[in-house]
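In what follows, a single structure is set out as structure tokens and then discussed.
Every chain is named by a letter (A, B, C and D) in the order it is written, and numbering of its residues begins at 1.
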């Protein structure tokens, strides 16, 4: 990666920071067939429908390679969040296919997450996930899963009350990721199984007048604005569209045909999604931190 | 509702349209106690934390009354979508607490939805929901649920490939709604239970070279851009925070106390969310329709 | 004027503030002829060309009545600038037709400006202007002029270095005003008559290390960012398009015809532009003040 | 210049186009002294005031080198304007110091402009300008001037009626350029010397119902929206701040001192501003062209 602008002698200048990563490992030959055929559940067809032209080598912007810019920018956002605002973000793999880890979001550390290749902080479940992904790879098939994320240290008051609710911006950030199909904050879809009396987070104050909630089904956000509790959310990622099995599809002439994936094949992108989820969360939060600073100097 | 600008003799002028709805049924007396105490899982505390002041009568912008502007604006967007672009939007109640309706999104009509008070197009399940909500009301408690939505008639090519993916804008729109805790498009969270070979939507062309997919787990969007299939998504709404039971909370002085809701009490907002979900979907889609028109005149 | 939202008991709530002014003095009958004919140098033709429909009563958004919203919003911005940031804005009439006042921008007070109907702080020149405008009125003709503006109290560092230069945002704000045809900051067009050695503002520091410039041809902004000196700019307003004399024009069928203005007729809008210029300057500056606060908390 | 994204086989992809120009001719040694001292009327002091740090080598973003990105992007905008919308833009030098060319904006061609080094389409006046600039160079001094610009081929209806008036966006674009101190459209400041009866542009229709105006003091824009006549505007550029003469200034410690420019020295930037003015005009117009297309497909 090169830094082409915005930094001098290790200090940022206030100038936009241009981070450039050359794709040095493109293998256009792998993509020859898909220049003519549309991969099922990929963006080949929709790009052609929109633009009438498509950068078929490597998948263009529909490739998850696109996310490197998000992670690079997110690294700067995280630094600012940590050093200036005391905010820490950690994400982890919570589910791969039908294998679900039961994670306590408040105690997860980045070391635990990085301790295994599948980025699941429960080492026993992680081992199952790794074995299962390996078996799926051998089948030439793929699986998806769920990433969880916790943000600790946000003060109460960040966010916006109507259209730019903090959870709304987080939802947009997550759904902007390749393969993401769902987002939930706090109790999420599962919260609909509870009654109000079971779901509400009761406020309490300690002896030092610090406010907290007895539970955190709100996921740290109420009415679009942080309440000082950890922000908790999840994002669902579908199984990778590219599989090494023959599938029905059409070609650019709209003729029915079949296509069999080849080349590099990642049977489960969920572990790779972890740093991307963290990066997007950081970008959303740093925006709201600066907005809050504009709003309230003191 | 008054129209204060933008319309002359039944025609829009190109001028911003100002729709004004006066709140003629405010009952400030009902809110007296909550001017001093924070309702659990409501936005009272976070508004105070952010603004240091709060329009406690009626709940201010945290009240679902706020959504009337969305529905009014959405009505105009829907008209444009229908008459100019041939797009139809229909939403419905799919789940209330633990009662789940099995709905075919492609056959649901607005008449079916409006046929009962709970806005569930399955009349048998609707009846269960109505009875259950009634029982919950008598308990002074509340329940949440899930709204489904289908958008038919979008051509392939609407949307954007990276940050403004169509599903990302829909997610933001839904999570900007009061009480919304989750969003999923197409297969959503459930899609993580499938393998890639089970999840992929195979493309097919009919004899007239019309393209379709055999399944629609993508929910009509691939890589942020519509593929011409119906757009399908769901939004989860938590149980109403206001309940008529005593709850632990704090007051503005950060002293522990209790609060018991009073006044009007809606034990389940999910049926009311249906037109709001439709309105927000319409606003997102009309934006993308105009963007697409800017992009590609022909 | 009514305040419909955003204020409670004399305090702002953080909610958008809706200020509503009903136009109670519309005289549609005055505009009957211009529903069919295009007034020369007015926006009738261009509105029809863009929208295919036109709110001909009162001129719609092309009427200077539109600026009441700017002045109302600007009043709030000025309050914030004054009380929180110590910034004061004063504008005045500097030129009417060929009558030019020689004003020292640093000593002008609002009282001097408001002391006469033409808002020119030089009472002798003001008297000439008033008599001249009166003569022009009797001819059924109109004149334009130039408004000057000074902003005092801005600290160094407000603004942006490239596309959103402070002078760029001020220029846009002024050219967005009805009848405005020109903008200049500091030495402006006249500065092109000087050599660099005559034009440059030399920096000096006093004994307390306060920085100032010996001259202020930069108009308080260098490279898009304030330097702590007063911001000085001018805006030119063309003679009012509506005159009470017969003029050649066309009708909606694109047939040649003539039109003679009638109804209320303001032979010189420049004095009325003074508070509007101040309001727009305030709106631009308060935006940059908040951006600076976001950028640099301390 | 390298194209790093957005183009494949000579076709645009719909992807953002990244144009990269490396600064291969930086001479940091020339800037050694100004790392400690503030050049008068340059952005050194204001950058330090805003950012507390400054890329002193080459002047950072305050250098006119920054405009290469505008010109590169403008080249693409011009292509789109010409080929899709039939719009042509030409700018020229109209004034250098006290030497003024009397140019007919409607007959100027790019060939005439590019025919001499000072980019003034009047060859006699151009010769005077060249000799004068040469004399100024020998004095180590600098001069500024005025650039004129004409845009032909815009249909009626582009622009916006209130805040985003086309002239407002053009004004912002011009004032965002380094050294620009003024903008005027149509009759501009000079228009204030006329009475309404002298200033108004009378509409006429020819036998084919084509609409035109007898004069064009409006500069092709009325009420923020194009009227189909050529768009005419001017921008004033101050004399270059960098001169080779000793000037009073301060250093970073706020001590009074003197500074004498050295290194490369351009005594008049106005000819170089011509392609930059054209580029910025193109960027503004292509935005409005796309907005108009979004507004009105047919």
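As a working rule, a contact is a pair of C-beta atoms (placed from the backbone, for glycine too) under 8 Å apart; a residue touches a chain by one contact, two chains touch by 3 or more.
Please read these numbers as outputs of a predicted model, since none were measured by experiment.
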Given the two chain pairs A-D and C-D, which is bridged by the higher number of C-beta pairs in contact? C-D
Greatest separation from chain A - chain, by CA centre: C
Measuring from the mean C-alpha position of chain C to the mean C-alpha position of chain D, what distance in angstrom results? 23
Rounded to a whole Å, what is the gap between the Cα centroids of chain B and chain D? 47
Centroid spacing, where centroids are CA-atom means, of chain A and chain D in whole angstrom: 43
Per-residue overlap in chain D, given as positions that touch at least 2 other chains: 14-15, 47, 50, 61, 161, 295
Where on chain A is chain B touching in the complex? 38, 40-43, 45-47, 49-50, 61-62, 66, 95, 97-98, 136, 139, 141-146, 155-159, 161-165, 167-176, 178, 180-189, 191-205, 209, 211, 213-214, 217-219, 221-228, 236-243, 245, 247-250, 254-256, 267, 292, 295-296
Would you pull the chain A residues touching chain D in the complex into a rising list? 4, 8, 11-15, 20, 47, 50-51, 53-55, 60-61
Per the contact definition, I'd like the list of chain B residues that touch chain D in the complex. 14-15, 161, 290-291, 293-295, 297
